[in-house]
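You will see two complexes here that share chain A, one where it goes with chain B and one where it goes with chain C.
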Partner chain A sequence: MTIPVDDFILSKSLSLIEKTKRSVAQIDTAVFPTASSEIARKLLSAALDSLGNRVFWEAMSPEALYNTLIHIQGLVAKVEASTSDHISWPLVSYCDHFWKLLLPTGEVQIFYSVLAEHNYSIGSFTNSLRLLLENVLPPPEIDRILGGKQLYCLQIASLEDENLPLYANIGHEFGHALYRDREPQIISIFTAECHDVFMSIYSVLTAKESGLANRRMNRVAWIVRSIATELFCDLVGSILAGPAFLLSLHEMGWGTDQNSWIMKLSPKDSRIRAYPSFAFRLSCVKKFIQLDAFVQTLRQKLDSLRDKDELKKIPTYVTDITENHLADYVSVRPVSEVDAKAIQEAIEKDIPVLKQCLEKFITRCSEEILAPLSSQPEFLPVSGEQVFELIRRLDAEIIPNIIPSTVQEESLLGVPASFATILNASALYRMYVLLTREKDLGSKEINLQIQKVDRLTAKAIEVSYIQREFNRWKVEEGK
Partner chain B sequence: MSVLNKSALEALIRRTDYSEKLIVTPLLSSKQIGPASIDVRLGSSIIVPRRTFVSSHDVTDRKRVEQVEKRLYDRLRLKYHSEFVLHPNQLILAATLEYLSLPATVFCQVASRSSWGRLGLVVATASVVQPGFKGCLTLELANLSDSPITLYPGLLIGQLVFYDIKTEEVKLGQTGDLVTPYKGRYDCPIDAGLPQFFSKDLDDEMTFWGRWKKLISHRDIA
Partner chain C sequence: MIPQAIASVGVYADLWSHLKSMSHALERVQGARTIKDIAELDKARLVALGDFVKKELEPKDFADMLSSGAFFSRKSMGLSYSMDTDLRTILQDLPSFRQWLKSQKISVKDKSAKLNEALEEYLKNVNESLFPENPPKEEFEILHDLLSKLLLQTESALIT
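Then we have the complex of A and B:
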């Protein structure tokens, strides 16, 4: 007897639809960190209802349905992991606020989930779902399910993962969504600023093997575009978190080659990924965070402290970050790729010009795309004076949540510090704790000290958010 | 030793030197400062003990206490505006929203607010906070009524009464130093904390008492 494989797979798939529907229905919506997780849950529920609809079975390939369902499990897992048990709701409340400032139309939404790795990642949940459904459902049905929505998922490290130093990277991740939202405008700047370097690279490729030059040039364009995207995202990270983003980026680069431009080729050009060197990224970020003014004020305030010589060194933690990118080189992978060597040589030859073009590109992005945001208080440069006050509080084992005020009522209740100010004070003080540890301290004691800074910061983020919301409510209600 | 009144509390809060300053933060309303107390709010960190198959809380058995912790307690982090229902005869541990920093010359006591008391909600049984303490307080909340009580993070739930330790009384030691600031077992906590019986010298004697109990039971079996 020949087993009717298609029937077998279809039955198994139909059973899997029901199992997945039950999983989605059992997700506890009460613990969603923000309301938008429910949008994701409803989208999955609607997609599963359609997949279970007999009307569509005729045209479906059972194998395709089965594959779709297997991959949908990953999306279900993202929604299941969207829980305030493992996600700091004050953090995502702040994030939601920034998101709405960056993408104010409301057409693009975001929900938050947990990432297993100690890192952050953003992706379009709706695009992922659309790609999966395209294999099994007709386009009008997919459009009906998704309803023109664009929903992103930001995956963050869990609360238990002690991920505070990475909070500053959230702006970078949001940059990816902003890039997508403003893509035509950004690409037009990119094309204009990179035209000369593209011409130069093309001439090198043509000189080497003219028959392959066009294909290779196309891949080079994707590489440079990917690099430009990362730099644009760094720009958004810098605007949201200031020097804390610099410190966070610096920390992410620990133990890695600071001068390597990594370019990963793919059979599908749109999947090519490339990253500029850490040294170049740090150099670009330094230019955009108005470091000089911040450091000068912070240094002046710290100098006024008595008996705190080590604390006075704090500004050097940011000024001394190495950003020497003269020794940068290009690494195209996989080396077995037929185009890898030629592309590597062509880009490497022009890397100084490429850097200049990319610097002009992000300068224009800053002026033309992000400048309108600079009037918002959330995007103002971080104040050295306020960061100083919060460092003083951390040094006294007090949560860094209140900035100085001379107003009588405010001196009693306190003015809540901004998210960026808290992050910066915490990042700098954390560096201070790491660098001034007594040499005979064991791992347990060092861990206790770092954990203390982290929990004081986490509490400050929580209560500053609540105080702002409460103050806003008092004003609205005329209290 | 005297109870600090409203103007004394406000003066302490307005100090700029963090070693002398009284910190209760965030203070969301100046009305939280009463004639002789400061009202505090329920925070988001809660520990719910659960019924399980562990025989009992035997605090003399250090290893066992650490091992069964996850089986005995659920740690929750409530979102603001989300409810928590405290059922009759249920006890929970909950952190205050406020972070405290007491000067070395001030200690405080935690008390229930009378309105909650009339509903049957008892707040805090371990009510003394030592001078120099820094951190969020862990309140023990128990519902002694016959009806469930719905709680929300942010609700004003308890009050702190502050006492000034007079300088003359503080300079007790032969060296004439001020009272030693709090260096206890809870180091700047922000979450509701479980009891930590073995982190202080005084508690170490519990192994002694527990050891005798175990020796007796072993002998009985033999």
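Then we have the complex of A and C:
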């Protein structure tokens, strides 16, 4: 007698469906940081109900079903980690505010979770679920479960308390959702600007092995598209956080080769990942954040301080970031991939032209897609003068939440500092603390100094958010 | 560690599951006796198989695709898979394909195109609620053999 393996796997799967349903039902909804986490929970619950519906069992591959359920555990974990125990509400409230400014229609929503790694990541929760269900449920049922919703999950770094200045990267992550939302317009710019370089790469691939050129070119297209997406997201990060994004991006590249364009092939096209070199990215960001005006004002103000020679060097933390990308090269991985070497050679040959095309692409994106956003008060360039005021406060160990009033202003208390201004002051001052530590300090003292900056920043973000909400309420109530 | 394919995660596990579900649908439709035996999911997985095979065996000319403005859209490029091996070579190495090739004097390219045509014709009938009296037995067996070969390759990629 042959053991009916499929029957075994189906039974195991059905049992796992119930177990997972219980896990989803037991998630503590009271600690969700925002209401949208409940949408994710309900989507999972609906998907599991459908998988448990015997009408669909017969046509399902038991192996595919079990594998889908294993992958679904990862989505459940994201919802379980969506808890205000680990995510600060002022941060997500600010994030939600920016999200709604970027994607105002309300059709695209977001919930917040925590990433096991010390980094930030965004992904479409609904797309991930759709791809998993496609193997085991008929398309009309999947459409019914998802109901046309588009829900993203932003995963915040697990060591959140140690990561405040890297909040600037959240803008970059939001850029991925904005890219998807404006995809047709962005793609049309991309196709127009990259047409010639694509044809050049294609001719190299055709000359090498014509039979494989079309397939390889399809993968090259995904690679270049992935690179263009990253650069577009950097633009969004720059608009939201200004020089703080430049510092964050710079910090993300610490310890790594600044000139390598990393490309990772995958059997799944949408999982092909490619990143331009840090040097090229930093150079692009510098062009878009109006650094000169910011640095000039900040320098002027800092120069007026007495006995603060080290503090006066703060502007150099952004101006001295090197962005020489002349020595850039391409690295396609994994090397065992049959297409890797051919793709690497073809792209590397055209890298200078590709850079020019990508620069034109982001310039047009900035003018045609992001310009309307830049006029919103929240996205105006940060003021060097205001950042200076907050740096002074941090230096005096005072919460950097208020921009002191000037003589012309009515309020003697000053105005609440914006999220971006706090972020910039904190990022620059933290850099100052890290660079100017006395050599005989132990780890305990260094940690204490860094913690002071982090805590003052966290408190400033919280207080400024409350002040902002209070001011909005006052206007609405006509008080 | 003992590798277990069904409990693996990651991109190769996604591919494995994708291939398994298509292989399962092929087996089911081959055993179907009436139109009622063919579920919506079977049809959807056969459509996915057709897209997959067509993309790998009959890749479109990139220059033509580039001239169509929609090429780079996620929808057009699809959330699909690109094998890291040449599917045409694998196909030509299959004994069932070689045997089938002998039966008619046409090129490998035309013959492989016929695989997809057979699948498309079958789906067209099924979608019109016509139960195909003569399902393309040989073509479906070749496609099944092809999926089995790819599953084998993918399983070795699952080992971490």
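Everything below uses one rule, namely that the second predicted complex is superposed on the first by the 451 of 479 C-alpha atoms of A that agree within 3 Å, B and C clash if a C-alpha of one lies under 4 Å from a C-alpha of the other, contacts with A are read in each partner's own complex, and residues count from 1 in each chain.
Methods note: a contact is a pair of C-beta atoms (placed from the backbone, for glycine too) under 8 Å apart; a residue touches a chain by one contact, two chains touch by 3 or more.
Everything quoted here is computed from the prediction, not taken from an experiment.
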item	value
Partners on chain A (chain B, chain C) - clash or fit	fit
Which superposed partner A:Asp269 touches (first chain B, second chain C, both, neither)	second
When both partners are placed on the shared chain, which of chain B and chain C touches more of chain A	C
Partner chain in contact with A:Ile402 - chain B first, chain C second, else both or neither	first
Chain B versus chain C as contact partner of A:Ile3, first or second or both or neither	neither
Chain A-centred angle between chain C and chain B, computed on Cα centres after superposition, in steps of 10 °	140
Contacts of A:Asp85 with chain B and chain C, given as first, second, both or neither	first
Contacts of A:Thr191 with chain B and chain C, given as first, second, both or neither	second
First (chain B), second (chain C), both or neither touched by A:Val475	neither
Lowest C-alpha to C-alpha distance for chain C against chain B (Å)	34
Chain B residues within the chain A interface of the complex	10, 13-14, 18-19, 23, 25-30, 33, 44, 76-80, 82, 97, 99, 101, 134, 136, 154, 187-191
Chain B contact footprint on chain A (complex, rising order)	30, 33, 84-85, 88-89, 159, 392-393, 396-399, 401-402, 409, 411-414, 416, 448, 452, 455-456, 458-459, 462-464, 466-467, 469-471, 474
Of chain A, residues touching chain C in the complex	9, 56, 58-61, 63-64, 66-68, 70-71, 74, 127, 131, 134-141, 180, 183-184, 187-188, 190-191, 195, 198-199, 202, 212-215, 217-219, 221-222, 225, 265-271, 337-339
In the complex, chain C residues that touch chain A	5-9, 11-18, 20-21, 23-25, 28, 39-42, 44-45, 48, 56, 59-63, 66, 69, 71-74, 77-86, 154, 157
